[in-house]
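Pasting the structures in now, so scroll down.
There are two complexes below, and they share subunit A, which is joined by subunit B in the first and by subunit C in the second.
== the complex of A and B ==
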């Protein structure tokens, strides 16, 4: 523990503070706040009741005003810390509020009404986790259905992506043929075409193939990624050609060379692409929204949009379900960090 | 089994001709070494025999059957690569088995062949390790093992020793020779190291710039190189070449004057040498004698390398560099002069085109 502290508090200036120490601390703390703040706020807010969400100023943790049941009143009353006109402080329950005057009562002596200016009272607050934000979507909405759709789309699309892209990369890295460089450049050029440009023609194709309102309509257009081909090709270029020659001498067919020699040796790059693909497909929103119009086919991200209706946005459900949909991606990042950093370092992509 | 014949084989990569009309016949059980400087096409030639490159022209036959159109795997050959090319994700056992599994061989026979090869090469102890966990020498054995289990009609070895350190190279060389004796299979071996070529080969094929310069047994090449290139390439340190002009030709005897004015008698052996012709006289460093009295060809000593058993002297004879390997130890100081004698030396005579003047020796 002391070593951790020593590491964290180590300064360039030795005993004193060098200006770089200060800049470093500000930079890192600022970064922590900017990057981690929204995530903390999201998780905290996902436990808030709709009323607490609407509160201003907002808080990180979910607080509610403590309530107390007082004899003679049907409903539980809000509890306040109030400063009485004579300067004493007391914990009182509010019966009603008229203008700027609050009529309060001591829970111990329910008979007597005390009038307090609303500026003189602060609510007694306690932390309370609104678990129903999580439980209700699970019971009342088709959350499990959406989850299954998302998992199916993500896993299938990732598997097909790996197979298709590695085949393309194998051909582009290990076979000499006319137009090889041109084919590679053409594939890379498609990186510059965003989804919004090809959305309409892509929709026509998917629709003509009868894949509209079908999960395959979400999966198939996404499986051939130029990024994937590029990552895998660059990696396969580093596999010595002599291995392939050796395999040819060993009477391996081209398929065996691909499946038994190249694929196992490309494992690190495949892992990187698999992680990217999982994250991409899991977070996909626009394309599934276009293709899927039947509720039972929705993926999680599309399903979440149900909670924002035309008249009423159910933020508490949206926040809670956003946390749930984040969990797999977060787990992927935690456990496969090493691959992700090599992937980002190797390709400059995130 | 293992008879390989090349007829007018050529290879071009685009507009670049790498091999120009190679004619070569390799007998069954022969150990043939392709030797030559980098880029001479020796590896390309081997890869063409293997089937990894297609010949641009000519005909390649194994055991009398033209194999130009037959894929590598079906030619019955096995290759040992310079980098060994072991599959890094497979154990040694799987590496050996891979080629056999692909031929749909029964499991029992695969096991038996692997056991046999492992015993022969003493790699039994690490059959279950990955190539990454082996030393260079062990990997090399596995690479040879992978070739042996195939029971090929011929082994093709592409600079198999170049990744080993000097000591291991020597012992592995001896093992290879023993292996060839035991298997009595055809072996084609590519190297740029003429020591390997000399020690291993039944016959050496010297290549330069895509052409065969000479084919012969190691001693044929050493004793009567067909041209200046072969003469310079075979033998270590390389042969000295002295430029001279023929001064007199008389009843089978010719005398030439060297650049420094010294006259020596030439071994014409019936070759036609014209008066006034410019010739190159080749003499191996080991054959030059140092005259203790300083008589003979005067040479200026540039550098003396005392190796203990012999002394290598770098000298200068009238502007031409001369290397002398004198047996034993000599007290010679750089900058001084010494006398050299060629009287006892076998001389090699080349014309101004670099071709040997007599082919009878």
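== the complex of A and C ==
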């Protein structure tokens, strides 16, 4: 036994355990719990029935009380494991509850009512995943609509972001012209003007352009991102100018140079920007909240926040919709996390 | 090489998907050749820059300048020409207080409540955020098994949308939530955390740290990994104690990154809105009402909306942010210089 412990606890280089090692592992395991725990709890809860969600203390796994149809009663009755007054145990169905006394019947002999103290009975429960939490929002709410709006905004905005910013980055990295530095500074200065500062006048401009209550009103203000120009320009600066000169000799037009030479060579930076853009646009909240006031135009984020702010929150639906909203981001996290972390570490931009 | 690989691997499906794009690009080429002949290379540069500058000008620069005009007009009309000029009245209204130490004595008491809340939020959140992400970065910088896994663990919430973050924690902090469940095990009665002024405020601080710490940890970790290992080896040879090595090597060499992170956290903290709006909605009462929510509600949400007042408040916030950003730029520039000297 002590050999096993020794094997498990031995360390690289044969050094013993230092107190900092213990702190490290407490921090890491605590971090694992605190960072993943809440999201896992949410996913687990999303499979519970409304009744199971309302109970306290909550169960870890989704359980529901088993029901049974008894002759002579319209609705299915809850099943309980009850201790009868004479000490026998029996599985009974509850007809009604009066104070602390529960009136129960035996499903086999529905004629006779048995009175049991509520302390003497425990519900018969079975595990059951409430898949209707996921299926019903698709029919009851405009969930499909929200999903579609979110996908449309994300994909369109990302495509435009890539085209518009790569063109600007191309001009700013491969052409000499007057005002180039000024243009670059102007774009970088935008980093100082976040949405929260200009939202009032931006709203009036978007309205004046007829883009209020229009998905394009969500898309267009976001596509000229300074981060995008910055990332792409830094990358294009590393492409040798000789390539462009050679192409010009071969009578390539400037547009062909951009499209056939620069863009394919910038693919890695474009990929990073695309990943960022997808996450940003999928997660956008404040601006869509301002621009979209008609229900059928809501994105997932807006729809979720509106429904969760209602007086009677239907948590079983909200939780399931939250999980669906998380899916694309979790996929990005699992498969593309490496690109994002190196992107952030390299530029310091989010 | 890298850029070529998608072509080679996706020759079957990729080609067919790209075919219409190629055709379109080819069709665009003819008029653009004509443009190039007329306007020359310089004209083409302008052409490439145009779409970005147009969007940028309409949706960022224009609102930025209009904002000043907006803040000097009154009424509820949306478009600037319909609004009446009131000069500095909106600013005067924001600053109209009988006692400058008491938010309730001001005409716009909610504004000052929001400013006060934001101030406390920024102080607490920035301090805790720096401490937590610095500790995490230091731990991740150790000789760890599966470091990239642990780094991913702390980074995970960064990608979640603020709405999802808000809902996750609203679900945990509610009466039948996980937190009460855990405390119930220790014999505590269930408590509605978000209905209590102080706990709701603490929740907004904690949740925003939870959601964003991974991002700053990543930047600090990059800074830590740039510190040459031989410095520590030399220190160890000299018998330097780890605490001293931390104070004399790690902190001074990390200082530029740390300063940049402090300013970044500050800028983000001043603008806090999304996750708080979903988590508490600014409540209970006004205890978690922050400045962005004040601007949003004054400008858009309330019945008696006042865009002029919201614009004035947003300009005041903008001034704070510009100061902070300039601070960040000068700090990162000085750290770049240091890096170059090294």
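We adopt the following convention: the second predicted complex is superposed on the first by the 250 of 350 C-alpha atoms of A that agree within 3 Å, B and C clash if a C-alpha of one lies under 4 Å from a C-alpha of the other, contacts with A are read in each partner's own complex, and residues count from 1 in each chain.
One rule holds in what follows: a contact is a pair of C-beta atoms (placed from the backbone, for glycine too) under 8 Å apart; a residue touches a chain by one contact, two chains touch by 3 or more.
Predicted, not measured: the structure shown is a model, and the values here were computed from it.
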Contacts of A:245 with subunit B and subunit C, given as first, second, both or neither: first
Contacts of A:117 with subunit B and subunit C, given as first, second, both or neither: neither
Touching partner for A:265 - first (subunit B), second (subunit C), both, neither: both
Superposition-derived comparison: subunit B or subunit C, residues of subunit A touched: C
Which of subunit B and subunit C A:108 touches, first, second, both or neither: neither
Partner chain(s) touched by A:126 [first = subunit B, second = subunit C, both, neither]: neither
Which superposed partner A:135 touches (first subunit B, second subunit C, both, neither): neither
Touching partner for A:256 - first (subunit B), second (subunit C), both, neither: both
Touched partner set for A:204, first subunit B, second subunit C, both or neither: second
Subunit B and subunit C contact sites that coincide on subunit A, given as residue numbers: 253, 256, 264-265
For the subunit C and subunit A complex, residues of the former touching the latter: 2-4, 6-7, 25, 28-29, 32-33, 36, 41-42, 44-46, 48-49, 51-53, 55-56, 58-64, 66-67, 70, 78-80, 135-136, 139, 142-144, 148, 150-157, 159-164, 166-172, 175-178, 180-181, 184, 190, 210, 214-215, 218-219, 221-222, 242, 260, 264, 271, 273-274, 277-278, 281, 292, 295-296, 299-300, 307, 310-311, 314-315, 317-318, 321-322, 325-326, 332
Complex contacts: residues of subunit B adjacent to subunit A: 47, 50-52, 71-74, 77-79, 81-83, 85-89, 98-99, 102-103, 146, 150
In the complex with subunit C, residue positions of subunit A that touch it: 12, 20, 23-24, 27-28, 31-32, 34-39, 41-42, 45, 53-58, 163-165, 167-168, 170-172, 175, 177, 183, 186-187, 190-194, 196-209, 220-221, 223-224, 229, 253-256, 258-259, 264-268, 279, 282-283, 285-286, 290, 301, 304-305, 308-309, 315, 318-319, 322, 325-326, 329-330, 332-333, 337-338, 340-341, 344-345, 348, 350
In the complex with subunit B, residue positions of subunit A that touch it: 240, 242-243, 245-253, 256, 260-261, 264-265
